[in-house]
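Below, subunit A partners subunit B and then partners subunit C, in two separate complexes.
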Partner chain A sequence: MEKTLVVKNLALAFHQERRPVTILAGVEFEISSGETLALVGESGSGKTLTALSIVKLLPPQARLETGEVRLNGQSLTSLSEREMENIRGRQVGLVFQEPSAYLNPVFTIGNQIEEAIKSSLSRKEKKERVAQMLAEVGLDEKHYWHYPHQLSGGMQQRALIAMALINHPSLLIADEPTTSLDVTTAVQIISLIKTLIKKHHLALLFISHDIALAHYFADRMAVMYAGRLVEIGPTRTVFNSPRHPYTESLIACLPEKYKPGEKIRAIPGTVPDFANLPSGCPFHPRCHRRMERCFREEPEMFPVASALVRCFLYGNSVATEPGN
Partner chain B sequence: MRRYIVRRVLQFVPLLFGMTLLSFLIIHLAPGDYFTQLKMNPQISPETIAAMERNFGLDKPVLVQYFYWVKNILTFNLGESFAYHVPNAFLIKERLLNTVALSVFSIMATWMLAIPLGIYAARKKGCWQETVLSAAAYVGISLPSFFIAMLLVFLAARTMVLPIGGTTSIFWTGASLWEKFVDYLRHLLLPGMALTLAGIGSLYRLMKNNFLEALGSPYILTARAKGLPPVLVLYKHALRNAVNPMITIFGYELSGILSGAALVEIITNWPGMGRLILDAVLSQDLYLVMASLLIGGFLLILGNLIADILLVMADPRIRLR
Partner chain C sequence: MRRFWQRLWKKSKPAGVALIVLFLLYATALLANFLSPYPYERQFREYSLCPPTRIHFIDSQGRFHLRPFVYGITVVNPAFKRYREDHTRLYPIKFFAEGRRRILGVEPPGKIFLLGTDLHGRDIFSRILHGARISLSIGLIGVSISFLLGLIIGGVSGYFGGRLDTVLMRLVEIIMTFPSFYLLLALRASFKPNISSLQLYLLIVIIMSLIGWASLARIIRGMVLSLKEEEFVMASRSLGLSTFRIITRHILPNTFSYTVTALTLSIPGYILGESTLSLLGLGIQEPYPSWGNMLSICVGNLRILTLAPWMLTPGLCIFVTVMCFNFLGDGLREVMDPRNW
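For the complex of A and B:
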């Protein structure tokens, strides 16, 4: 199948006062058209930065050290900011976590959707296009004239989805689109996204800290820990038989895995500080299956069944790129 | 939105009345029998006293006097100046015009410079341009307006490039309208510059910070993610949000036209309301003081009203309240 998005060996570092702090290392994945890849991991693991790296919308101190991003066969790595403006919105749409903050409070919904239109249409055609898009995301035509604060969180997220899809991009990146919404609304937004990607045959990068939610609607799943992908594969494989101890713990901690009366489980330890990553495999301090070499060396991704897993339980080679 | 504006304008009326009462009481509740003082003041002719007695009911109780006064205000009779022996309305009209001209000039100059400079500095954050501008703003903020005015007067006196004091040159009578205008403007330049320099620093700093804050907002990321060109991201999405909080400041500046310019007027000898009020207070020209207070208060309320209306037009979140 044709790959819509190919991310190869992405490494990102923050260049602040003293030495650079590496956040992402060796991040690699692909998304075919019509396919949904879920990127999961605890908050602070680097999911948002991965998404922003793809469209090169990084904070000023962040720099891509290595890696290549190909979108519909075109490499984005060497493109200028000017050329990226043409890619953003047109070929890839983004939806973020907190809809109320991501809408500009002083412009109407209609205005903000309409300005995103990239093809040169007449005013009237643009209005029609927006009206059609509003209907598609389940908003009323009257919302065209409304300001963001007049809409509920769910409706705001619908407006942002309309904005992201108005140019019919081939890739949608949704960064925790339901995290700030209540459960009922979240379910509605998820099913809306599902409908839309099916209808437009969109590739979707779905970012979530919630592995259960990701499992519910992704074709494939990538698990991120401390800026590294530790496991990637078909959702069924990863979710039903997790190989990496981290994935295993994530799934074991899900509320639905509890028996009545059982105490809440959490992965012991805390998310590491990027400025002082543990030596070897960054997960080893929290790992219940660590071996001696995990303290010293960082593993490569090893193929296991239909998945790739970054753990010495499944192979011997040491990673060349990740780490320092 | 229209309803909100109508409501605000209606609130304006009782406020105005409250203000007349306040202006009146401040003067009349001051200790001492002020009517007898008037009569004993050799500067005031018996005819003036008699006329004012009739018009303002000076022999009546204070509360009745107040209503006489309000009635007179409504017909633009602000009483007669004891010191100048002309109607106060006449005095105030000319002086007020000068003050308004000065304030409009300096407010326009301040805003037209501070806003672009603030945006420029925000975009050059961390570069030497920002450092230089911010250092200059810091100096400007620390110097009081009267000091800047004195400095400019001193410079003007040394270099003779700008006239000092007054609104006109001697050749005034023979000049054409255009020449008169240019001459007036030349006289305005010195106090105008003093006020502008005194006000620009804080406004610049505010604009820079607002713009930076707007630029760091999530909706800017949305705008960029949509692939909008920088012009739209900066001057549509960021600018509108950065300017909103400034609108209230603009209202305050309108409110403070009289008080804000007074010191500079006095130092640069610009014949505006500041000078007039000071002289009136010193010479106990009571009705002139009351009338000036009234106008000051009127501008204060009007400024707030304009600010509120502008804010409502600019910010949809307030519009619905």
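For the complex of A and C:
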């Protein structure tokens, strides 16, 4: 069966000043209908850019170098901007991080959802569709007439979800949809998204920096570091037995793993600057299991159990002894 | 509409009052033919500079009349424009006294000059009503042309940026360097002095609005420049809306709390511009009245001012209209932004 979304060997570079700066390299994943893939990584690892390059909503200086994106069997890579307008909203819905900023402050919620409808319906039919959608995301009918600032963050996010899903797309991209919300609202939004995917058989690309949250509801998980996928596989495999040292350290950072009073072990160092990535494996300066080889060569994805891991620990059996 | 009114009234009482006054003014301008007692060009030569006719309920014998009436006017001294009420002749004010076309009047030979007459003996009240058509519409039409241009050019320039933006903004700067009033004079001078009033009217509107859009386009461009970086623009792009729709439906409406205010505040400029031109004798030509050319007779004529101060009522009308638009603009500023409710 054809997967809903196939991303193949995606590479993206920023063309600023003289030298192009590579941001994404070799990003590959697939999502089938009804499946949730969580894209996890620190801020600045290229998660959002990955999502935006799928729908080609990139900042002007960014350019796709290689790679292909296929949505429901159709290649999006060669489509013109006009054709992409047709895809966006109709086949892909996007939900963003800061709901208050993504709603137009001068229009009512109902107006904006109605505006998003792409099929030609009569006014009355549109209204009905919006009312139905509002109910589906758990908003009251009266919110049709409300302005964004009159709604709480959680309700705003519900409205955005309604906008993203009004045309019944087959793929939903949720870019940290709960980051700006408090914990209880976040849980409500997550469970809402969960029910909606189940109901509409949506493929979901869930982007988050919170690996625990991703673990809670993704079927598969992809971990990203410095614009590269470092590990991808079924959530349970990745979360319970992380193979890549980065994934391992990310999970080790979760506060839940510590007793009260115990000091949390953060990953030393920071995410590297894309303009001067370290040589070899970009993670090696922060890696606790680096080998001599990591300084020189960049690893490929190696299959381990049901996952793929980008680390020399698991392939190219030249020097497999972990060193310091 | 009702909601809008409630909000306006809640936010600013002066703006509410101003809106009502403006509504009445425009209504009278529309119904000028019907409401005015006389045609605007009708001259009563023997009654030149006649003071406003007083309306009475009680006659010289002390009897009360339910129907208001005016006395006949006797000319005391035609050279010095002295008039006296003739208490022997009594003309009740009637509906449709002069045929079916005019609601209010007195039977001839009675005269009713509610605001007096001008040098040629024309009824100023009738002329003000007719003049309102020009003075009030010139602002609306002019403003709509210049705002259409300003919104489109500013929006496009700000959204697309790049070379287009550079070209358009240099054009704006060139236009803004023209001293607009002298440009108006120069352009007016380049046309024949005897063109018809309608052509002249259109000419004035077009010239003024073709100058007026520049500063607006500039401000709109600045606003669009910052608005297009807002996340909701990204959101509408992610919904697959076309660029045209994004500009017109999402970006420009966000500038409305500014533009609507600027719009109401620039209408007085047009009214005053037309008045100034007419004042200099370059605007709407006699016999057709506009508030400006009615005032122009008074300029530099102290004798008229002391003898017939009622000739200044068009000035009062301009004053009231301009004030109303200013109050309304201030009120709208508050109302147009939903975040202020």
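Convention: the second predicted complex is superposed on the first by the 314 of 324 C-alpha atoms of A that agree within 3 Å, B and C clash if a C-alpha of one lies under 4 Å from a C-alpha of the other, contacts with A are read in each partner's own complex, and residues count from 1 in each chain.
The definition used in the following text is that a contact is a pair of C-beta atoms (placed from the backbone, for glycine too) under 8 Å apart; a residue touches a chain by one contact, two chains touch by 3 or more.
No experiment lies behind these values; they were computed from the predicted model shown.
After superposition onto subunit A, the partners subunit B and subunit C occupy overlapping space and clash.
In the superposition on chain A, A:Phe295 makes contact with neither subunit B nor subunit C. In the superposed model, A:Asn86 lies in contact with both subunit B and subunit C. After superposition on chain A, the stretch of subunit B that runs into subunit C among 1-9, 37-45 or 289-297 is 1-9. Residue overlap on subunit A between the subunit B contacts of one complex and the subunit C contacts of the other covers 55, 57, 84-90, 93-94, 96, 98, 101-107, 115-116, 118, 147, 149, 160, 163-164.
Across the complex, subunit B is touched by residues 55, 57, 84-90, 93-94, 96, 98, 101-108, 115-116, 118, 147, 149-150, 160, 163-164 of subunit A.
The part of subunit A that touches subunit C in the complex is made up of residues 55, 57, 84-90, 93-94, 96, 98, 101-107, 115-116, 118, 147, 149, 160, 163-164. Here subunit C touches subunit A in the complex through residues 230-232, 234-242, 249-250, 253-254, 256-257, 337-339, 341, going by the rule given at the top.
Remark: subunit B residues 217-219, 221-229, 232, 236-237, 240-241, 244, 314-317, 320 touch subunit A in the complex.
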